[in-house]
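Here you go, one structure.
Think of it as A, B and C in the order they're written, each chain with its own count starting at 1.
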Amino acid sequence: MESKLLVEERKIVVPGETLAKGIDYLPGFGTYKENGEIRSKILGLVKLKDHIVSVVPLSGVYIPMKGDGVIGIVSDVQIASWIVDINSPYMGFLPLSEATNEFVDLTKFDITEYFDVGDVVYLKVNKVTKRKDVQLTVKDRMCRKLYGGNIIRITPAKVPRLIGRGGSMIEMIKKKTGCHIIVGQNGLVWIKGDKETLAAKAVLMVERESHTEGLTDRISEMLDREAKKEGGKDE
Amino acid sequence: MLTEIDVEYVRKMVEEGKREDGRGFEEFRPLKIEMGYVKNAEGSAMVTLGETKVLVGVKMEIGEPFPDTPNEGVLIVNAELGPIASPEFESGPPDEDAIELARVVDRGIREAKVIDLEKLCIEPGEKVWMICIDIHVLNDCGNLIDASSLGAVAALLNTHIPKLKEDGTIDRGTVDRKLELSGIPIACTIHKIGSKMILDPTMKEEEAVDGRLTITTVNGMICAMQKGGKCGFTPEEVFKAIDISLKKGEEIRKKYFQRDVNEE
Amino acid sequence: MSEEKKLIVNGKRLDGRALDELREMEARAGVIPRAEGSGYFRLGNTIAVAAVYGPRQLHPKHLTDPLRAYVRCRYNMAPFSTKDRVRPGPSRRSIEISKVIKEALQAVIFVDEFPKAGIEIFIEILQADASTRCVGLNAASIALADAGIPMRDLIASCSAGKVDGEIVLDIAGDEDCEGEVDLPIAYIPRENKIYLLQMDGLITKEELKKAIDMAIKGCKIIYEKQKEALKKKYEEFEVN
């Protein structure tokens, strides 16, 4: 079969749509190969890199992957472990051994001293088995309990766009709003600072317009406009 | 307990054109139909197809007609997949499998239009005969739809309509007339395993089935179809299945249901 | 003696359509923001809305399959959708329809990617004018794609039938109760495979072939409409 690419970058495709034919192209994320043709599995945007054809999703639930940083909410405490809701069809499991290096005498100590039901925590996904058992850890530099602030949920598929290439989008929003922002791969975003509402507005705008061009500039303009308004009011 | 190994074994055999019990792809297991099995029913039949056993009873009851057909009798089909028949069945109201089975058998008979429902009218708009067909699966060893459908038709073929008493109630045990059928609808389900099509799967073969197509035929025509399972059928496969069903239907009709029906 | 009503006069049906013409169609994606994905499909006066929730944790737990997602489908008619009010709640008919629609959709979803999870599809018929299961399935197919659930392809559904002895496409109105044959199918054009097929009524082999071919033609048109609805959701977006 002659190799042929049938779509261009950023084209919106639907499940079943043929993207490429022949052996020169390789199926990437969001695609499958059948009868020598690479087809899309999902509704999304075409991405081309070298000879790999992938489709970037526009929607979908969060499926945990090793190495992901996620914001979770503790939903249950057991004797030596916690169950954490990570906004996924799969619950996260945090064993005591992944919460601390210290020796803990369980006969005297109640682990709710570390995390209790309802606590918001930034964790890392340590391991995901084939059957989707998820093990978490807080023994990573960035991991900690989060206090105060505001949590927004966005579609997990839009997280890469919110972070931006090399973190460009999120760093820009942090700088212009002066807020602490932590973005979980699972679609939860934690914002804390004086201009929380403005930062939230920017985050939601990215989510809504994620598939369009020139987004970084538009967000930047919006933030400057709003900042000026605030400045005007204070006078 | 059936396992992956069993399923793979069946698939491999079928791919090579063979079946575990040595049957041809279009061959039914030994079939026995015993009419008049239940004395208290107005009609009944016990069907044994291989090791699958289905008992169908017909009760003639009196009831109100449907509002849009005030001059017609009523046909009702119900199926029970009770725990007696298989470790997979649970007791309780009919689940989606039992409901589908009943409705497929129902359509096969109803759409064949072999029963003159107007002849079952007692008082237009008020009182009609209701033909209540109840399918009782006693042992599930594969191919319940075909076995149940055969049972329902056989039961109808020996169904009699009782006389009515002076006060309008049913005089059970008496015979006013036989229920007449102007044709014999036969349901034949074609099962797809891989790219091959087989009839009458055993319990083990049924685990390997990817999809099925039930086709009911009567008087040289098709009167009902139902596809089940996950795999797709190409239009050509559908047409092939129709041919198989027409042929098998005629074969079964000639062998088991002569027009002058035995009244055991 | 009831008078035989003519359903086809001078080659045209009661609503003015040709024998092989589909009713007017409308398709949209994302109509229920709360759901993971949703779809709307209208064929003439039959309207269906579908919502997809999941993949998510499955309840009751004993249904979980350690190897793949468990797909659940509920087809339901709103009580006010028909001329005579339909009693709310599942009926034997709606349970059977839910089953055949589920089996068609299960065939295209990559269920192996979500072990132990559940994918739930809810179809509501808001207005019924025949071919409701077809319209419902079309909406569900859009909803699944809208939800980002990986599928081999979209799946389109449409009916054919026999009315006044003629084979027609897309049964509607009186053709449903007064017609002789009703044949709903669901089809994937690229594979040339049928995933839902039901038929009731007396028909010869030749007529049946003609009806299936006609229904397939209808499905191909509907498939394009579904594709359009999904792409439109993102292409139409105005940047402010």
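Note that in this section a contact is a pair of C-beta atoms (placed from the backbone, for glycine too) under 8 Å apart; a residue touches a chain by one contact, two chains touch by 3 or more.
This structure is a prediction, so every number in the text was calculated from the model and none was measured.
Q: Compared with chain B, which chain's mean CA position is the farthest off?
A: A
Q: Grab the C-alpha centre of each chain and report whichever is closest to the global C-alpha centre.
A: Per-chain C-alpha centroids compared to the overall one single out C.
Q: How many angstrom between the C-alpha centroids of chain C and chain A?
A: 34
Q: Which integer distance in Å separates the CA centroid of chain B from that of chain C?
A: It comes to 27 Å between the two C-alpha centres.
Q: When the C-alpha atoms of chain A and chain B are each averaged to a single point, how far apart are the two points in Å?
A: Distance between chain centres: 54 Å.
Q: At which residue positions does chain C touch at least two other chains?
A: In chain C, 188 touch at least two other chains.
Q: Okay, in this complex, where on chain B does chain C touch?
A: Residues 68, 94, 96, 99-100, 102-103, 107, 110-113, 213, 218, 220-235, 238-239, 242-243, 246 of chain B touch chain C in their complex.
Q: Which chain C residues qualify as touching chain B in the complex?
A: That would be residues 92-93, 95-96, 98-100, 103, 106-107, 177, 183, 188, 191-205, 208-209, 212-213, 216 of chain C.
Q: For a test of understanding, state which residues of chain A touch chain C in their complex under the given definition.
A: Within the complex, chain A touches chain C at residues 12, 14-18, 30, 32, 34, 39, 41-44, 57-61, 63, 89-91, 130-132, 157, 209, 211-212, 218.
Q: Under the definition above, what is the set of chain C residues touching chain A in their complex?
A: Contact set of chain C toward chain A: 36-37, 54-57, 66, 108, 110, 113-118, 145-154, 188, 190, 226-227, 230-231, 234-235, 237, 239.
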